[in-house]
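Pasting the structures here.
Two complexes follow with subunit A in common, the first pairing it with subunit B and the second with subunit C.
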Partner chain A sequence: MYKFVLAFRFLLKRRISYFSVFAVALCVFVVFVVMTVLSGLTADFKEKTHSWSGDCIVSTKSLVGFSYYEEFMQILQEQKEIKAVSPVIRGYAIVKTTSDNDTGVYVDRTLEVMGIEPVSYSKVTGFSEWLRYKTGELQNSFKQFYDVNLPGCIMGIGFLFARDTNGNYILPDRVPQMKVDVSCFPLTAKGALARAGTDVVSSKIFALSNVAHTGISSDWKNIYIPFEQAQLLCGMAGELKRANALYVKFSDGVALNDGCSKVQSLWKEFVEDKKGLSQSELLKNVKVQNWKVYNRDMVAVADTQQGLMIIVFAMMAVITVFIVFVVFYMIVSHKSKDIGILKSVGISNGNIMFLFLLFAFLIGALGSTIGAVGGWQFLVHINQIEDWLFEQFKFQLWDRELYAIGDIPNSIDLHVLITIILSAVSACLLGAFLPSRQAGRLQPVDTLRVSKL
Partner chain B sequence: MLKLFLWLRYLRKKKIVILCIVAVALSVSLLLVVDSFFTGLIEGLKNSLAAQSGDAFAYIYGRPIPRYNAFLNRLSALKEVDAAAPVCMGGGLLWLQSGDVREAAIKGIDVEKDSKFINWRNCLLRQKEQSGPLNFDVAGYPDANGVWVGVKLIAEPNERTDKYDTGEIRKLIGKKVVFTTEGYGGKRKVIPLRISDIAFTDTIWGDQTLYVPFEYLFEIQTDIAEAEYANIFKLKLDKGYSSEAVRSVVSDFWQSYARQDLGWKDDDIFRLNIDYEQEHSYFVELRKQMAILLLIFAVICSVVVLLVFCIFYMIVETKLKDIAIIKSCGASSTTAALIFTGFGGCIGLTGSVLGVVIGYVIVRNVNILERWVHIITGVKLWRRSSYILNYIPNQLNWPDVFPIALAAVAGCCVGALIPAIVAAKTKPVDILRYE
Partner chain C sequence: MSNGYILKTEGVRKSYRMGTAEVSVLRGVELAVSKGEFLAVVGASGSGKSTLLHILGALDKPNSGTVSFNGRRISRFSSRELNRFRNRDVGFVFQFYHLLDELNVIENVYLPAMAGLSVLGWLTESGRAKKRARNLLGRLGLTERLRHKPYQLSGGERQRVAIARALMNEPQVLLADEPTGNLDQSTGNDILRVFDEINKAGQTIIMVTHDQKIAERANRIVRLANGKITNVKG
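Moving on, here comes the complex of A and B:
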């Protein structure tokens, strides 16, 4: 009992311990806020990237695509590990909008055209959530009603609309009327440009039927058109139809690596089966990748940022250890007589050590609690604070016109919080260990004699 | 003299002070590393953008300039303009082999003039080790149209090591590729090319581009077969000139050149437009992000002030008798206080110097450290093939060294202030008596 009483007494009476509590609180506050915001941004970005491409992608970088994709889709759909599969055409097109459209925006540039089947695509990706205008049934995604003779297309939201200072797109109430001329490069299976002939169409006019807001760079890069139209425009609708990718969604509970390994082994067998058949050489360029590897260029940056932050915060933990060490060293030096008295009445070395470690624990726990509560309050109001800063000083943490960020992420991850608190308490215990051990080893005969000059 | 003697003595005798110095050094080095990294990143991006596109673009709409060499020579002679080169760009499809076609950008460059923007020799796999002027020649194919191909278009780095197999890539030199233009004036053109060299440009966009001689691509795009015609120029501005000033100088020069040398009418003359890439708000935003990050780190490092305070408080407490003796010999309270604030400054200075050295060593060797981290842990901190810059910036940002070091010294003095006041208030009569 005396250990608890003394530990509390040290904490309350020794003003120097307040500094340790403050230092721990400050570190916990900073780490908690920065980690929550950064983890939120990274998780949000990864989630959007994941949602954009499904769990696993069977694809080729070549714009020629690969044949026999329908057969492989069938094989995949028979597997219990696979929930849904969707074929995708990814081509390259010159896209021109007519200047007399509702948005006043004129687009004339090369874009990535994506041919999709809305129903299957939405089972694999977050397609249904990206559409900013409600269409009812998903198969109607490409339907528009102002020019029924034209097929519909969906454009990335970034091309057409501006954002307000909060990062929200300013959209009209209904889909703007806009005609879009899409000119693709139809390719033969060998990769040559298909010559103009009776069955080759490379250009077609579409009417805007919806806009897609994925929250990633595809909002400025992609135009979505019906799968069959894309297949035709890219020269893939021949006798042996081709596609560029199959997006795969795994059943619930299937681990990403397990699912991908399964698809990889199925693909290997499939390629073996098709050996020697016409256009089978195209299958050699195909890779089976999980969404992280497939989107490596985007995901790697986020992963590195998170890794670097963890290294920096580890350095903060080292500084906390230093501070606690110094404070305890000082307290032990000051309390040498108290320790001498305690030991002279029969308290063991271990108990003295325990007493100081308990004191360290209290500092860590109190500092962490203050830091966590402060951080939590700050995070709860972080968007309001940013709004106020913007109103008063025109300052934004991230310029919403440049970054696809809406509100600053502030949802608290309990795992992160618990890890930070445990790390802070551990740092305190670590910092206090040596001084505590020194306190335990003090001899009453040395500490209790009267000092002399 | 007494103060100096005591500072040095405390530095030598009080081992706990080393902890203080280490903490200051760590904080200073941390701030320097973060500052240098971000500054290097921003500068690297600006430089690579400037290397690829210049500090500014001058467009002449509709009508190309004849005899552009004469125009550029005179333009480069302006003191505001360091270099100028013609460019033309486009996009299309690159056929690599049967069934393998990729999207690619294509750029026409005047090698001699462009070499003032980018060190092409260092970027090229084959010609790096060779002397003589750079060329688009293909050994064994004297009539072929040579192309320098950005490495990312034809190869992929090893997934684990993130390195390109240059031995394998070298085998692709001389290989036939076909480029299909995206359609200039509605007409797509198919251009057979042979790989003359492989370009490693240090930037992700530069590594995804094909480079051909300027006049060759200009002719394809405009059907103007005569030599020395151009309508887009990139400019490298001389340091120390504001973009606004250069804009008006180039504009004035262009007007007089067009009138006097080309004999153009006013309608054509005013078709010049100058676009300054470097003023892009992206860099402003990056600098803001850097400032926010530095602020966060500065808050973290301010904890060191607490550390200094604790240590000094402890030293003062244990040295009360020394202080009392000094004061009893006639030293004033200010002298006693100065001993400790000066000592704080001394620690700040030592820690800062050490921090600058550590920071310098880390920053200069950051790429080696990253490689070692990869070898030991398998973790790739900087995936070169994925990032905009394919190197980690490794230049210390010297202009910020002094302010950071000064802040560290000031922080230490502040940390030592309260203990110094305690020392100043020490009364010898209370301290020196027996208990």
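Moving on, here comes the complex of A and C:
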């Protein structure tokens, strides 16, 4: 009982205890806030990237693409693990936009052209949610009213519009009337330039039917056109049609690795089955990858940042342990007389050690609670705080005109919070362990004699 | 066998290392203390009086020789028995009071009772312990000071709190190390009167002091000189 009483009194009566509590609270606050915000940003980015490409991708890096994709789609669609499959064509194009409205936009740029089937593509990805102008039925996604003789196209929002200081795109009420001239470099199945269209390029004019807002870099570099049009422009149409990729969505409850393994084994069988056919060589370049591997150029950056964050926080934990160690070393030195008194009334070494560990626990628990409550409140109001800072000082943590971030993520993960609190308390116990053991081992006569000098 | 002695030392030797030199403080101390005795150990400063008292109270260990409590060698006590011995069988009064500043007067007094009990034991015994602490403090004239912190008390009051704490668990032996050494003469006399009273009530007291006049209050006086004990009175 005395241990609890004394530990509480040590906590309340010693100024150094308040410094320790403050140090722990500050560490917990910083880790909690930074981890929540950065994890939120990373998770949001990963979710958007996942939503952009489905669960699993059967694809080739070759711009030539691969044949027999329809047959493999058929096989995939028969599997209970597969919810949907969508063929995709990915290629590069020079895109020239001309607008005859009052803005007179005229842009000439290289973009990544994506040929998609809106209905199946939206079953695999978040396509229907990306469209900023509502079109009703998904099959009407490429329908436009500017020029009925032209096929429609959807452009990434970042290509056409700028963001305001709040990170919002300012869009007109209706789809801008815009013609989009898309020029591709069609390749034959053997990889040579197909001399189609105007000499070595294949051009077609589209009319803008919608804009897509994925929240990732595709907003700046992608143009979506109907799958068949993309096949024609990229030289993949013909007797043996080709595609670059099949985007696959797994049924609910199917684990990513299990689903990918299933597709992988089906693909192996399929390639074996097609051996000897005229374009079977193209199948050799095809890979089955999960969405993380497929988008590794984007995901790896986020993972690296997350890894760095963990390293920084691990260093912070080590610093916390060291701070607590130093503080407790000082406390034990200051308390040596009291330790002698306690031993003179019959308190054991183990109980002295327990007393100081309890003291450390209280510092950790109180500091963590203060840090967690403070962090929680800060996170709840983080966007209001940022708005206020912007109004008063024109300060933004992330310039919304540059970064694809809306509100600062502040969704609190209780598991993360509990882990941080437990880590802080453990750090306190770890830091206090050696000084506490030293306190337990002090000889009463030495401590009483020292205080006498 | 206790042979009627509550505490007994045989051939106790103790030396300290000071730099490269070894200083021998106790050189074969032979001392026997009977139950109910009020013994004063006198000697010059640095003669080893406090060291002897610490050894008697198991706060320190001799290099050689034996200390027996009621016929049992303290050196053979397990660590649990040693803690119990310090908690129940002896009570210390130090020259500098050694009270805990975090606790108030009554909490300092019942600390030994609390230390000897588990949480459950304390919940059942706390009422009795607090009552005894209040009674002790009342006997020592500190009824009005129960909730005061040690730093709010005078030297004499602090020493009386230290005496109350030492007596809390009704120890068989009270060990007092220069209990009046830090007090003025009048306050020192008050403390000695307390010692007289409790000794008359049957409490065994061993007090070390460098002051012969203070030692005269005891039933028996021994002198510690050159690391050995010689009888002076009684």
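Basically, the second predicted complex is superposed on the first by the 436 of 453 C-alpha atoms of A that agree within 3 Å, B and C clash if a C-alpha of one lies under 4 Å from a C-alpha of the other, contacts with A are read in each partner's own complex, and residues count from 1 in each chain.
Keep in mind that, in the parts below, a residue touches a chain if its C-beta (ideal position, glycine included) is under 8 Å from a C-beta of that chain, and two chains touch if they have at least 3 such contacts.
For clarity, every value in this text was computed on a predicted model and none was experimentally measured.
**Student:** Once the structures are superposed on A, label A:Leu448 by its partner contacts, choosing first (subunit B), second (subunit C), both or neither.
**Tutor:** A:Leu448 contacts subunit C only, not subunit B.
**Student:** Could you tell me if A:Glu117 is touching subunit B, subunit C, both of them or neither one (first, second, both, neither)?
**Tutor:** Once the two structures are laid over each other on A, A:Glu117 reaches no partner at all.
**Student:** Based on the superposed arrangement, let me know which partner A:Ser183 touches: subunit B (first), subunit C (second), both, or neither?
**Tutor:** A:Ser183: touches subunit B, not subunit C.
**Student:** Under the stated touch criterion, which partner chain does A:Asp219 make contact with: subunit B (first), subunit C (second), both, or neither?
**Tutor:** Neither: A:Asp219 stays clear of subunit B and subunit C.
**Student:** Touch check for A:Asn349: first (subunit B), second (subunit C), both, or neither?
**Tutor:** After superposing on A, A:Asn349 lies in contact with subunit C but is clear of subunit B.
**Student:** State whether subunit B or subunit C is in contact with more residues of subunit A in the superposed arrangement.
**Tutor:** Subunit A has more residues touched by B than by the other partner.
**Student:** Is A:Lys337 contacted by the first partner subunit B, the second partner subunit C, both or neither?
**Tutor:** second
**Student:** Touch test for A:Glu281: subunit B only (first), subunit C only (second), both, or neither?
**Tutor:** The answer is first: A:Glu281 touches subunit B but not subunit C.
**Student:** Which residues of subunit A are in contact with subunit B in one complex and with subunit C in the other?
**Tutor:** Common interface on subunit A, subunit B vs subunit C: 451-452.
**Student:** Give every residue of subunit B touching subunit A within the complex, in rising order.
**Tutor:** Result: residues 16, 19, 22-23, 26-27, 30, 34, 91, 93, 95-103, 159, 178, 180, 182-183, 188, 190, 281-282, 285, 288-289, 292, 296-297, 299-300, 302-304, 306-307, 309-311, 313-314, 317-318, 321, 379-383, 386-387, 432, 434-435 of subunit B touch subunit A.
**Student:** Hey, which residues of subunit C end up touching subunit A in the complex?
**Tutor:** 50, 54, 57, 59-60, 79-80, 83-88, 92, 94-96, 98-103, 107, 111-112, 114-119, 122-123, 126, 165
**Student:** Can you list the subunit A residues touching subunit B in their complex?
**Tutor:** That would be residues 16, 19, 22-23, 26-27, 30, 34, 61-64, 92, 94, 110, 112, 183, 185, 187, 189-193, 279, 281-282, 285, 293, 296-297, 300-301, 304, 307-308, 312, 315-316, 318-320, 322-323, 325-327, 329-330, 333-334, 397-399, 401-403, 450-453 of subunit A.
**Student:** Please give the residue numbers of subunit A that touch subunit C in the complex, ascending.
**Tutor:** It is residues 1-2, 4-6, 9-10, 12-13, 337-338, 340-349, 443-445, 448-449, 451-452 of subunit A that touch subunit C.
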